[in-house]
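Shared chain: chain A. Partners: chain B in the first complex, chain C in the second.
Presenting the complex of A and B:
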């Protein structure tokens, strides 16, 4: 296994009033695009600030390229960051903003101007060099911030919710742009976001954080299909969590008893009878039937929500449990799914994912 | 930015809309004028009118200690070509310029410390201590300095114990600057503190993140961010020092005279109100010039280029 480019080793950050990062371990490979996700206050931005050296860890260590960052101040790390607020200097022109890091490295005026203009050109901002920041649109400012971060040709780029201030249309375009830059530059991107769509579209691996802990690290599809625990399952949104306990099992399957009935789920290993057997079933794996008499769980359609080409159907089961089911438009129409309609839910038991037992 | 440009466009529209529509009280075109009326009247009665009168008086004559309306240029030529006036002008400029440089040079590091190095509680306390002198009697503070600086004063008493002195602290350029800084420094510091407190901290972190060490952040981020405030504290200091009468009178005994001392002297010697008015008008013109230059400098290079576009 190659040495990771960025290694977080029992990294810990305690503020006077709260414990933001709780002894996390994480290895990030060179050239990897890693997304750190989690709800507000989960410690994802603090982790990024610790990597950049903007905050001092209260425990553990960060190594970048094998070197310990202990005692290395932010200005010596060359870990440029793209900020949510962009943090462009309003008193400098576009070209001067981009050339700022080079000026700090005492690169000559002619050289730094040339390199700044190259980067502006590369990000489609040719001809904007002499503008004021205030004269640019949101998307253009975003590009200036990215150019400014990349002008020193760093081996890592930190991004702190860089796209959250943009409107949806621009966000998708900037995603493509970031993806292209990552491919072309081959450097490590550490991307903090709370938007699942961004993380899924961009990242090689996703880190899910909650309350200062890392909950799961993995490829986007793995985190989605095989959540490590109930938090991740619920955070990913399109999973339905069913809490139950083990009743028995055979042939790589377990019998799970729950308030909604008995289910079979695939399992790698046997579990003792009576132990926890929580499992998830993804929203797009659930079949809906109008025939109430057939097998499955009966429920009532609560409402529908558009998500691009598909719709999410919210179904309430007796007892108050709510299910999310993802369906194509034509399926919705075929079943005439309007609020109040009674439906039957069922799924192939192979698609159920049994949550690993807590260590 | 888009929001801002929309508003400017909207206000530009409303500015011209009254041409086409009937005027109505409360309409966007009329309401600002109505609201602005009291201020306008106040300015006209208490600023514009006296100013016009001041200029008119410069052409009047004094005969047998009595002011008589006339139109003579004699007052202007006598004052502008007099060596006393020219010396006082140069002296006042030098004094006010020195105060300005000293005030900004002392205020900037002080404001930086207050805004960035003190805890929020200490910061509030220090700001309160800066505000109090602004609203206390200037005269009283100058008297206090006289006690401190006089040959029998506190400093010389302490120096006497070590065998040094007494030093002539009072009655020279040093004591004059002490007096003028007493007037200007608290205001200069306050202006800079408020400007620095408003700097987006992310800008400072971004600079450090991009390779700027802490000491250089002051030059590359903080100073350019508060540039208008630096110019404001400089022009305010200059204005206050240029027109001040108390410090030159009590800290130097009017020697050499500044322009404000000269005004009083001119009035006292033979009731020469017209000539005093000439000095006053000349001072106002110069202050307006200094203010204009300050404004131009404070807008900054990038902003000027933006406006020219």
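Presenting the complex of A and C:
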């Protein structure tokens, strides 16, 4: 087991009016691309600022490369950050912006200009060196901010919602760019975002935070398929949560009773009868049938929503519960799904995911 | 184009009013300038012909020359000191939160609101006790007290446009707090600092009452003008007045040039 490159140890941050980060533990490996996600106010940006030393923790410790960062000021950490606001210096040219960190390191003028131009070149900004920041497009400014953060060749790059100010098509291009840079540089990226698509597209591991706590850490597919709790399941969006209780079990499966009926789910451990048995079923694991007589639960189509090549079908079950089902376009046409149509929902019980019991 | 008569008349009335207002303000100054080049000994109509005699006379008057040098020295000193202090006060207000912030800001802002007579008397009483009465530095100190509040106002306004992320971003990129101040905050404030410099110089150059109270034997140019007036009517007054006017207008124009009020030149920092 390699020692983690960045280690957060019972890290805590309390503001006078707000407890932003509540004693979190997290190990980030060298070279890893880790995304911290969560709704606004969950503590993800504060965590990033604590790593950068822009805020003092009120408890716990941060270690980078094995060294405690306690008492190390931001300017001695070499943890450059790409800001949501970009925070480019408006009174400097593009090249001067990129060379700024080198100037702070007292690198000679000729050398720092050469290295700045190299990075501009690398990010497709050759020929922009003498421009003012105000003369650049949003995407170009984004690249300047990234070049400026990488020019000192740090071993970690912090990114605070870097793409949120960009148009949708630019965002996708910058994702590709970031992915390429991470692959080429092999350094640690810590990426804070509230956009699930960015986190899923880029990260090796995802950290889900809520109200100052870490809810789950895992690979994107694990967080998606095997959420640790109801918050993560609902935050991921494409999961349907069914609350129920354990009625019995056999053959590695548990019998769960709920308001919608009885279901079988794969058992994670022996659970006593009557204990909580909440489970999720992913939107793309649900089968729809026009035949109302078959097994499964009946519902009424409420509406449809395009998501790229697939559509999300919203189905209302008796009792008011809303289900999301993800289907390909041709399947939707075959079933002639229109709002108001009655459908039957069913799924393979092996695909249900029983939420782990709270520790 | 044939606009309705009413519109044209209204236009005419507007421009006429504007012109009249401008004349009302500018005429006294214009009169001084015009008569400073009058060959007559007394400013009377008709004009006695163009002459540089009085301008030459003020150059030959050692007391006026000394007063001019004093004014320049006091003005320069005031400009430097109040820009430095004004920047410090503005930055403290921008960056820090503390208990006594309101009293602090008031303390910096209030001197120009105090009647100059009272300020002058208070300064005189205070400074003469300290044994600082009647020195150029004394005049300068008093002018700094007034001009600093203008400097702070100009620089604070500029700092409003400084993105809150910019300084932390500099720290994050390896700049110590001192280096961030020098390499980020100061360059950002440069136009305001220059404006503050010229405006403080103008405030000092024009100030009469306090300089008269605390200056003792050291006369600044406005004080010299009063002393000239108290003697017999002297044609040199118009020439001195013209010099003061030109210097003051130049300083204020320079200050305006840098306050960044020109349209369409805002930096997208946020």
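Please note the rule applied: the second predicted complex is superposed on the first by the 359 of 359 C-alpha atoms of A that agree within 3 Å, B and C clash if a C-alpha of one lies under 4 Å from a C-alpha of the other, contacts with A are read in each partner's own complex, and residues count from 1 in each chain.
Throughout what follows, a residue touches a chain if its C-beta (ideal position, glycine included) is under 8 Å from a C-beta of that chain, and two chains touch if they have at least 3 such contacts.
From a predicted model like this one, the values you see are computed outputs, not experimental measurements.
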| query | On chain A, do chain B and chain C fit together or clash when superposed? | reply | clash
| request: Report for A:275: first if it touches chain B alone, second if chain C alone, otherwise both or neither. | output: neither
| request: Based on the superposed arrangement, let me know which partner A:164 touches: chain B (first), chain C (second), both, or neither? | output: neither
| Is A:137 in contact with chain B, with chain C, with both, or with neither (first, second, both, neither)? | first
| task | Examine A:176 and indicate which partner it touches, taking first as chain B and second as chain C; both and neither are also allowed. | result | neither
| query | Thinking of the overlay built on chain A, is A:221 touched by chain B (first), by chain C (second), by both, or by neither? | reply | neither
| First (chain B), second (chain C), both or neither: which does A:346 touch? | neither
| said: Quick one: is A:105 in contact with chain B, with chain C, with both, or with neither? Answer first, second, both or neither. | reply: both
| message | Once chain A of both complexes is superposed, is A:93 in touch with chain B (first), chain C (second), both, or neither? | response | first
| message | Going by the contact definition given at the top, which residues of chain A touch chain B in one complex and chain C in the other? | response | 52, 54, 73-76, 78-81, 83, 85, 87, 89-92, 100-101, 103-105, 134, 148-149, 152
| message | Help me check something: in the complex, which residues belonging to chain B touch chain A? | response | 1-2, 4, 200, 202-203, 205-214, 216, 220-221, 224-225, 227, 300, 302-303, 305-306, 309
| Complex contact set, residues of chain C against chain A | 163, 165-166, 168-177, 179-180, 183-184, 187-188, 190, 267-270
| In the complex formed with chain C, which residues of chain A make contact? | 52-54, 73-76, 78-81, 83, 85, 87-92, 100-101, 103-105, 133-134, 148-149, 152
| query | So in the complex, which bits of chain A are touching chain B? | reply | 52, 54, 73-76, 78-81, 83, 85, 87, 89-93, 100-101, 103-105, 130-132, 134-137, 148-149, 152
